[in-house]
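Labels for the chains are A, B and C, by order of writing; each one numbers its residues from 1.
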Amino acid sequence: MPRVLRKPSRHLPFGDRRETPYYGRDILSVSQFRRADLATIFSVAHEMREMVERVGSFDLLKGKILANLFYEPSTRTMASFTAAMERLGGSVIPISEVHYSSVAKGESLPDTVRTLECYADVIVLRHPQIGAAAEAARYARKPIINAGDGVGEHPTQALLDLFTIVEEMGGVDGLTVTLIGDLRYGRTVHSLARLLAMHDVSMRFVSPPLLRLPDALRDELRAAGAKFQEHEKLDEVLGLSDVLYVTRVQKERFEDPAAYEAVKDSYVIDSELMRGARNDCIVMHPLPRVGEIAMEFDADPRAAYFRQMEYGMFVRMALLALVLGKA
Amino acid sequence: MPRVLRKPSRHLPFGDRRETPYYGRDILSVSQFRRADLATIFSVAHEMREMVERVGSFDLLKGKILANLFYEPSTRTMASFTAAMERLGGSVIPISEVHYSSVAKGESLPDTVRTLECYADVIVLRHPQIGAAAEAARYARKPIINAGDGVGEHPTQALLDLFTIVEEMGGVDGLTVTLIGDLRYGRTVHSLARLLAMHDVSMRFVSPPLLRLPDALRDELRAAGAKFQEHEKLDEVLGLSDVLYVTRVQKERFEDPAAYEAVKDSYVIDSELMRGARNDCIVMHPLPRVGEIAMEFDADPRAAYFRQMEYGMFVRMALLALVLGKA
Amino acid sequence: MPRVLRKPSRHLPFGDRRETPYYGRDILSVSQFRRADLATIFSVAHEMREMVERVGSFDLLKGKILANLFYEPSTRTMASFTAAMERLGGSVIPISEVHYSSVAKGESLPDTVRTLECYADVIVLRHPQIGAAAEAARYARKPIINAGDGVGEHPTQALLDLFTIVEEMGGVDGLTVTLIGDLRYGRTVHSLARLLAMHDVSMRFVSPPLLRLPDALRDELRAAGAKFQEHEKLDEVLGLSDVLYVTRVQKERFEDPAAYEAVKDSYVIDSELMRGARNDCIVMHPLPRVGEIAMEFDADPRAAYFRQMEYGMFVRMALLALVLGKA
C-alpha cells in the first residue's frame, strides 16, 4: 500500500526534538504553538519573504500537491494558499463546489478527507462547523491545515497577524498593541490576543461596552499573566499605541439601532484621526474592510493592511514547507 | 495551421500494431479494450504507482495541458484527474461552471470541445447525457477521456476497479468476485462485470430480487462465456469470496417502502459480518458510501476502498501518458 | 516592503523608448495601441505560435503567477488565459466565485485587486461594469489585463481578431474586410473596426438597418480616414471580401418579431452561400455561435473560427510575456 507520508502520533506538543519536528503535523489551533514554535515558523517565513522578493518563486515543493478543500467560499484565503503553494513550485487541487457534489450525496467529512489524501500531500480545510478541522485530522494520514472552522479557529490568520508585527516592528516584546472594534465576536482578535499573551506586550482593548472581550477570554489572558487594559474611547490610547489592529463593528450585533448609530463612527480610522497617532505605528486589519478605515489613509506608510496580506502568503509558505518536511 | 496532435482514424480496435498505439486515442467505453490492452494499461499504471511511491511526482507530461470539462460536479473524479496530471508534471484547466457560461448562451458540445482543444492537449469530459463523450470525440482532434456520461459509461472507474483487484490480489484469474447491492442500476457494476468476463473469474451477484442484473447484461455475460451465479443472501457466498464489491441500495429504487426496509440491512458490511469472510479477501466500494460499510471496519486491512482511490489516480496517470504518446 | 514589480507612471502611450517598454503596463483598451505596438505584439505572438507548434510549452514565465479574477463567468476567456500562462510555464490562481465570497461581504474592487496583487504577478479581470478594469488599474501596482468590462472593451479579443487576419492572410494592408450581423451592439466589431482603421483596409459593414454602426463610431472612423461602406445585403460584397467577420443577430434586439424573422436568415453562412465567396477568403466569428454559421461549413478550409481561438492563446501569451518584462 502506498504510504507516502508518516503522520506522527497526534497529541504531542507541536514542536518536538526530532530533526524535522513539524513534518506530518496538523495545523489546527493557535493553542498548539509554544514561543519556540512561533520563532521557528517566523524564521522560515522570513526566509520565504526574502526569496520571494529576490526571485519570486522557487522549487522547494516541486511535485507536491495541495488539496484546497473549501466547504464555504473564501477568496482571500484560498488565493493565498494557492499562491503560497505555487510560489514553492507545488501544485493545487481546487475544490470549492463541495456542496454540490459527493458531499451533497451525503458523504461524511472523514471519507472526503481520506479520499483527497489519496491524491494530495497536504489538505487545507475551510469548513463552517467548529471542530471540523480536528475531526478531519483524526482520520487523515496526511497533514490538515485549518483555514477556518466556523466560530472556531483560523490559526494561519493569527500567525500572519503576529508575523506582520514582527516584520514591521522588528519584534514583539515591549510593544503596545491596541485591538479595536468588535472584540466579543471577532475570531481573529481572540487568536491574536492568545499569541500576544505569550510575549511581553501591553494589550489595549478598545470597544463599545456591548462588544467587549468575552469573560472567558479575559480570564484566560489574566491566568496567562498578560498585561492588558480595556477602554471605550480610542483617543485614550491612540498616541501610545505601536500597533492598531482594527476590526469591523457589525450593525447586526446591536439589538437597538440607536446604540449602533451612537458608536459606529467612534472607531473609524482616517487621516485626520491618525494625526494623533505615533509616526512609527502601524495600522492592521484582517480585511475585508467596509468603512472602518477610510481609503484616503491607504497611501499613508503606516497603513500595513495590504502588506499584511503578503505576510500571510509568506507564513503559509512556511507552514506548507514545514509540514511537508522541506524546511 | 497548428496541428499539434495527429488523431488516428477512429473506430480501430484500441490497441494496434504501431509503436505508440494509444497515442491520440479516445477513452470512451470499456468495450474498446481487449485483454492485451488491459495488460498494457495496468503495466503502465503499476509503473506509475512505483514512481509515485518512490518520488511522488515526475515530469513525464511537463508542458502538457489537460482540460477538465465538467458539465456536472464530481469532486472525486475531477480531483483524481487533476492529481494524475499534476503528478506527471502537467497542468490543468479546470472548467466546472460550464452551465453558467457560454454553454448557457446555447453553445453546442462540439463547439465547446473544439474551442478547448485549441488550448489543451487532452480533454476529460463529464456530462449528464449518455453518448456525450462519443459525440465530443467525433468532432475533436485531441483525445477525449470519458469521465462519465450519465447512465452511459465511466470507463476509468471500471479500469481502476479491475486494477485494484490486480494489484491487491496479484492477478485476476482464478478469483471469486462477489458484487453486492444495486446490480440493476449500478453503472460501475455493469462495466466491471464486462471487464471481469474477459478473465477466468467466478462472479457472484448478490442483490434483492428487485435489483438483479438487467436481462440484457445477463445475456451478454452468458454469450461471453462468463461464469456467474446470482444470489439473494450474502452469507451464501461470503466465505468463498476473494473480492467483495459493495454498492449502495438506494431507497428511491423501491416503490414500496416496506420492501426497502426489509432488505436494506442485508448487505451492510461490518466487522461482525466480516468474521465470516476470508482473511485474505478485500472489500471494495466505488464511494461515496452512505452506510453500506460501517466506519468501524475502515481499520481492517481488508478494507480496500480508500486504496482503491489511489489506484484510480495511477490508472488515470497511465491513460493520460498513453493517449499523449509518452508511455 | 516587498515591491516585486515597478509599475511605470500610467498615462504614457503604450509603447515608449525603454528597453522593455511594455513591462508593468496595463492592457485596458484598444485605444492605447499605435501601429508600432500592434507590430510588436504580433511579432511576439507569432513567435509564441511557432514555439507552441514546435514544443507545446516552455518555461519563459516559470515562477510567475496570474490571478484570473472573473466577476462573471466566461469559460472561453478564462480557459484561454489559463492555457496561455501554463504554456509559458507559469501558474494560475482561478477566482470565479467572487460574488459569493468577500465581495459579497461588500469589499470594493480596489481592495480585492490590491489583495490579489499581494499573491500574483499579473491580474486578468473580467467584470460586468464598464470602467472596472481602468478603476482596478488606478489602484494596482501590478499589471491589469482587461478581459471584458461589460459594454466597455475586451481588448485582447480585438487583438486576436486582427492577429488572425495577419497570420491567415499574411498581412492586413490592401484587404477587404466585411463585418456582418449586429454592428450596433457588437463590442468585438467596434474594437476590431478601430484597429482596422489604423491600416490600409477597405471595410464593408453588412447589417439590417436597425443594427447599423452607431453614429459615434461611424464619425470616429471617418475622422480617422478609414475607407468603409455600409450595406444591407451580403451578396453585394460577398465575392470581393478577403475576410468575412460574422456576428450574431439577436432576436432580443428587435421590438417587432416580424422584423427579426424578415432578416434573421440573411446573414447565415453555409456551404451553398459560400460558393459565391472567394476561394482564398476566411470566415471568422468570435464564438459562441448559435446558427449564424452552419456546422456543415466547419470542414471548409476557409472556416477560420476555431483557428481564431488558437491565435487568441498566442496573443495572450505575448501580452503576458510583455507586461511581465520577459519578451
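Definition applied: a residue touches a chain if its C-beta (ideal position, glycine included) is under 8 Å from a C-beta of that chain, and two chains touch if they have at least 3 such contacts.
This is a predicted model, so every value here is computed, not measured.
A.B. asks: At the place where copies subunit A and subunit B touch, is the share of residue numbers found on both sides over half (same) or under half (different)?
C.D. replies: Shared-number fraction below one half, so different.
A.B. asks: Fit subunit B onto subunit C over the CA trace and report the rotation angle, somewhere between 0 and 180 degrees, nearest 5.
C.D. replies: 120
A.B. asks: Nearest whole angstrom, what separates the Cα centre of subunit A from the Cα centre of subunit B?
C.D. replies: The separation of the two C-alpha centroids amounts to 40 Å.
A.B. asks: Provide the list of subunit B residues touching at least two other chains, using ranges where the numbers run on.
C.D. replies: In subunit B, the residues touching two or more other chains are 94.
A.B. asks: Help me check something: in the complex, which residues belonging to subunit A touch subunit B?
C.D. replies: So the residues of subunit A touching subunit B come out as 1-2, 4, 62-65, 67, 91, 93-95, 97-98, 100-103, 105-108, 110-112, 114-116, 118-121.
A.B. asks: Where on subunit C does subunit B make contact in their complex?
C.D. replies: Spelled out, the residues of subunit C in touch with subunit B are 49, 52-53, 55-58, 73-76, 78-80, 82-83, 86-87, 89, 94, 96, 287-290, 295, 306-307, 309-310, 312-313.
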